[in-house]
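Below are structures written as C-alpha cells.
Two complexes come next, and they have one chain in common, chain A, joined by chain B in the first and chain C in the second.
Moving on to the complex of A and B:
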C-alpha cells in the first residue's frame, strides 16, 4: 500500500467536502453515512467536523497541517452540532481535541447518557419533541446525528415512518445540512430484508431507505470483501443519493477509496 | 397487436406532456434509480403549456421545487388535514375549469395501506392527473387492519393506475446485475446509479383492457427518448402466430391481416363491463308456479 499515492477527500464537484452552497440558508439537505461494526465511522465524522470548523479535513490531507492552513469561522455560534445516541460528550471532546478543535468550536447534544432513565414512561411524541428541543434553528449550520435508528428500539411503539416524519424531517428543517450516521450491520450478515417478515428488520430497513431517498450523497464504509488485511481497513464509497439533483450548480463526485486507519490517523488511497 | 397502432415515443411524450388521458400515473423507483429525473421530464414536457398547475405534496422533499405552483409539506399533516389542504388548491369534481392540474405525491409510501384507496378516491376529479411516486424497495409494514388477504399498497396502486412508469438504472455490460441487487439490499449503492441516463418501462392500460409495454432509454440531459425494447412484440413472437408458418397448412386462411388485427385490438372484452360495477350485486329471482316456498324455513328465503 505504501507505493500507492494518497488521496484527498472530495465529495462535490466544486472540489469541496461540504460545499458552501449547502449551508447558504436557502436549502435543507442531508448526507448519509452508512457503516458496519468492522468499519466504524469515527475518523470520517471527525473529518467532516474538521471541514466545518477548520475549512478542510486536514487529518486526511496529504499536504497540509491545521496549524498552517486552518481558517476558523468568524461566527460566534458554532457551525456544527454533534448529537449521538452511541457516544457521550467526552468521547468527542477527546477525539476532536487531537485535531485541534476545541469544545467551543462545536455544540454537543448528548443523547446517550441516561437517555432511557430520563425518558422512561413518557409518550413517544413527547420524547421526540424533547429531543428536537435540544437543537436550535440555524439554517446556516450543520448537525451530525449518530445512529438515530436506535430510537426504534428504545421508544416503545415508535415506527420508522414516525421516526422519519417526526424527527428526521423537522431536524433537517432546523439546519442547512444534516449528516446522519447509521449502521447497516443488520443487513450485512443476515438475509436480505426483502425476504424477511421480522418487523424490526423491516422497520430498520424502511428507515434506512427513507434516509437514502432524502440524501444528496451516501458515504458507505464497508470492510474488504476478501477479509482482513494489514494495510487496508476498508473501503469508502461516495455515491449519489435520492435527492442528488436538488442543487443545480454542484453535483456529487462519485468515488471509491481504500482507507487505512492506524492509531490516530487515517489515510485514503484511490481504488 | 396493440402496439401496431401507436408510436411508442409519441405516446411517451404525450404522457409526459399530460395530453394522454390518465388520471393516475404511477412512478416506481428504487434507491438505485430514483424518479427525480422522471419528474423533471414531466415538468420539461408540460412547461410549454401555461395552463398547468402543479401541486407538489411532499413527505420526503424538504426543498420546494422551483416548478411547483403550490407546495404542501405533508410530513406534519394528518391525512384528513392533507385532504382538506389539497382541496383548497384543486377544483371540485363538478367545477368546470380551463387548465389542467398535476398533483405530484412524493412519495405515497407514507400513506398507510389502510387509507390509500380512500385518499385517492376522495381527491380524484376530472382535469386532475395524479403522478404518484412509490418506492419499490421500501418494505411495507402490513398492519392487517383490512385483513390478511387485503392487497398491498403496491398491488392497489398497480391496479388503479392507468399508466405505470418504472425507472431502473442502465447497467453496463461489465456489471453483474445480480451483484448490484445483492449490494443494494444491504444499502451499498454501487457507483453509476441515479444517473441522468436510465431505463424506463412504460405500461399503458388502454380502454380496451389491453396494456401495452415498452422499454425506453431516457436521457434527462438531452430529453431524448429512445425505444429500447418493444415488449409487446416479444410477447407476440412468443405467444402468437407466425404468418409464414401458417401458410399452405390448410385450404383456408389461418393468418390474420393487419386490418383484422386492428379490429381485434378494439374489441372491448366482456369482463370489462363486469368491472364497471354499474349493476350492483342484486340477486334477481322470480318465482314460478311450481316453486315450493316454505315461509317458516329461514334458509329457504332466496333474498
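Moving on to the complex of A and C:
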C-alpha cells in the first residue's frame, strides 16, 4: 500500500462529503451506511460527524489539520444528533474527543443504556413514539442513527414495515439529513436467505432494502473477499441509492476505495 | 492457514510464574495478607493503605470513597426513564488499580482482567479481557471445550477474590453465573500445583521448613548442596540473586493469572459471598434487575458475569430460543457491562450447532469479541496422533477461529483470523498455539495407511495401499495443501 496515493473522501459532485444543499431546510434526505461484523464503521461515522461539525473529514485528510482549517458552525444548537442502540454516550465522547469535537458540538441520544429494562413489555407503538419524542424537529440538522434494525429483535412483533413507517420516515421528517448505520452481516453468510420463509430474516432484509430505496447514497463497508490482509482492512463502496435524483444540482459520485484502519487512523486509497 | 513449523506455543513454552510449583499456592483466608505482602514494596503499602481505608467505611465516607467519586461518569441521557434511570446517577464503580486481577492492556492501556487461560489472554490482544467488554466463545460439534473455558474464567475470579478476602475484608472479585446448574460452583477447577513429583518435593520442602530438631541440625548447609554432593561447585550459585529481568516483570502482575488443573476442584468450594447464581428461567426483566442489584451490592469489586452454555436446552425455557427474548437479554447484559465498565466483564459460551445461523449472527453482533472453537473430527485426530506418534502431547484438539477482538474490532480494524491457531486441552492448561499441518514421515506414508484417508472425507480407498510410494507421497502433499 505504500506505493499508492492516499485519497480524500468525496461523496457528491460538488467535491463535498455532505453537500451544503442537503440540510437547507427544504428537503429530508437519507444516507445509508452498511457494514459487516468484520468491518465496523466507527471511523466512517466519526468522519461524517467531523464533516458536519468541523466542515470536512480532517481525520481522513492528509494535508489538513482541524486546528488550522476547522470552521465550526455559528449556530448555538448542535448541528448533529447521534443516537445509538449499540453504544453509550461514553463511547462517542471518547472517540470524538480525539477529533477535537467537544460534547457541546453534538447532541447524544442514548438508546442503549437500560433500553431493555425500561421498555420491555410496553406496546410497540408506545416504545417507538417514546424514541421519536427524544428527537427535536430541526430540518437544518443531521441525525446519525446507529443500528435501528436491532429494534426488530428487541421489540416483539415489530415488523420491518412498521419500523420504516413509524420510525424511520417520521425521523427523516424531523431533520435535514438522516444517516442510518445498519449491519448487512446477514448477506455475508453462506445460508441461502433468498429462499427462506423465516419471518425474522425476511424482516431484516426488507428493512435494509427499504432504507436503500429511501437513500440518496449508500456507503458500504466490507472486508476483502480474499480474507484478512495486513495492509488493507476492506473496501468502501459508494453507490447511488433509490432517491439519488432528489437534488438536481448535485449527484452522488460512485466510487470504490480500499481503506486501512490502524489504531485510530484510517487511510483511503483508490481501488 | 499457515505452514509454519508445528507446535510453537504462544508463550514460547514458558509457563511463567504460575507454572512453578508452589510459587503461587492457593492462599487460604488465613494466609492472604502474606500473599499480598509478597509483591513489590510500594504495591504492598498501597494495598495496605486501601485495606485500612476500607476498614473505616463503617463510620462514614472514607478516603477511598471520596477518591472514587472523583472519577464518576455522568448519567445516561436519552430516553432512559424509570427506577433504573435514576440509578444511572449513582456513581459507576471502578476498582482500584492495585487490584491483583487487573493490569493495563499493553495495546490500549485499558484496565484488563485475565480469562484464566494465559494463551487466550494473549490471543485477545490485551493480555486479557478489557473491563467493560464481553467475549462469546462458540463451539461447533458435541464437545464441551467451551465449558472448560467458562469454568476457568469463573475460577480465576474466585482465586483473585481469595487473595484479599479475609474474615474482615470482603474480597475483591465477585462472580455472577447465569445458569440453573448450581453444581457449577463445585465443578470449578483448582490451581495447578505441579506434577505429582513436584507436589511431593513441595511437601518435603514444607516439612523441612518446619522448626524441629532434625531440621535445625541440617539447616546449616543449603538444601541444594544435599542434592549435588558430587558437583559441589554448583552450590556456589546458591547465594546469587535468582531473579532476572523477566521474573521481575512477571512479579509485577504475579497474581494476575493462574494455571488451573481441570482434574482438581477449588477448595473450599465458592460460597454465596463469592458467587451468585441467577436463574435464566425467569423473565428477562427479572434477570436484568437481579443482575444489576448484585453488581451494586458488590460495587467495589471486579464483577465477572459468566453465561455458561448459553441456550442449552436443558437450562433455558423454550421461549428463550425466540430471537425477541434472547436478544433483549443479551442486549441488557451488554448494557450492564458498559454501564459498570469500570468493573464488569462478560463471558458467554454457546454450542453453535444448537442454533440457526441467523440467530447466531444476531447473538454475535451483541458481543465485543467472538471466538469459535472447531474441534477436529475423529479422522483428523487419528492423523495427528499418527504424525505425532512419538510426541502425543503435541496433538491439538481443534482450531480456534477469531471473529472479533475487543476494542480493535470496534475501531473498525479487521480481525477475522481463521485457521491460524489451534488449541489443545490438557490437565495442566488450555493451550493455544500456531496451527501448522504436521508432516507425516515418508516411511509411514509408504506403509499403506496414508493420511489422505485420515483427513479426507473418511472413505477408505483400498487401491491406495497397493500404489507406488512416490505416488502416495505426492497425494499426501496435495491433500495437506488442500486442507
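In this text, the second predicted complex is superposed on the first by the 269 of 271 C-alpha atoms of A that agree within 3 Å, B and C clash if a C-alpha of one lies under 4 Å from a C-alpha of the other, contacts with A are read in each partner's own complex, and residues count from 1 in each chain.
Definition applied: contacts are C-beta pairs under 8 Å (C-beta built on N, C-alpha and C of every residue); 3 or more make two chains touch, one makes a residue touch a chain.
Note that the structure is predicted; figures quoted are calculated from it, not measured.
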Room on chain A for both chain B and chain C (clash or fit): fit
Touched partner set for A:200, first chain B, second chain C, both or neither: second
Which of chain B and chain C A:187 touches, first, second, both or neither: first
Chain B versus chain C as contact partner of A:78, first or second or both or neither: neither
Touching partner for A:88 - first (chain B), second (chain C), both, neither: second
Touched partner set for A:57, first chain B, second chain C, both or neither: neither
Partner chain in contact with A:148 - chain B first, chain C second, else both or neither: neither
Chain B versus chain C as contact partner of A:169, first or second or both or neither: first
Apex chain A: angle to the C-alpha centres of chain B and chain C, given in degrees as a multiple of 10: 120
Chain B versus chain C - smallest C-alpha distance in the overlay, whole Å: 14
Set of chain A residues, in rising order, touched by both chain B and chain C: 193
Residues of chain A touching chain B in the complex: 27-29, 34, 159-161, 164-165, 169-170, 172-173, 184, 187-188, 192-194, 199, 202-203, 205-206, 208-210, 212-214, 218, 220, 222, 237, 239-246, 254-256
In the complex, chain B residues that touch chain A: 31, 34, 36-37, 40, 59-63, 75-76, 107, 110, 135, 137-139, 141, 182, 185-194
Residue ranges of chain C in contact with chain A within the complex: 73-74, 76-82, 84-85, 88, 284-285, 288-289, 292, 323-325, 327-329, 331-332, 335, 338-339, 341, 356-358, 361-362, 364-365, 370, 403-404, 409-418
In the complex with chain C, residue positions of chain A that touch it: 37-44, 83, 88-91, 108-118, 120-121, 130-131, 133-134, 150, 153-157, 183, 185-186, 189, 191, 193, 198, 200-201, 221, 223, 227-228, 233-234, 261-264, 266
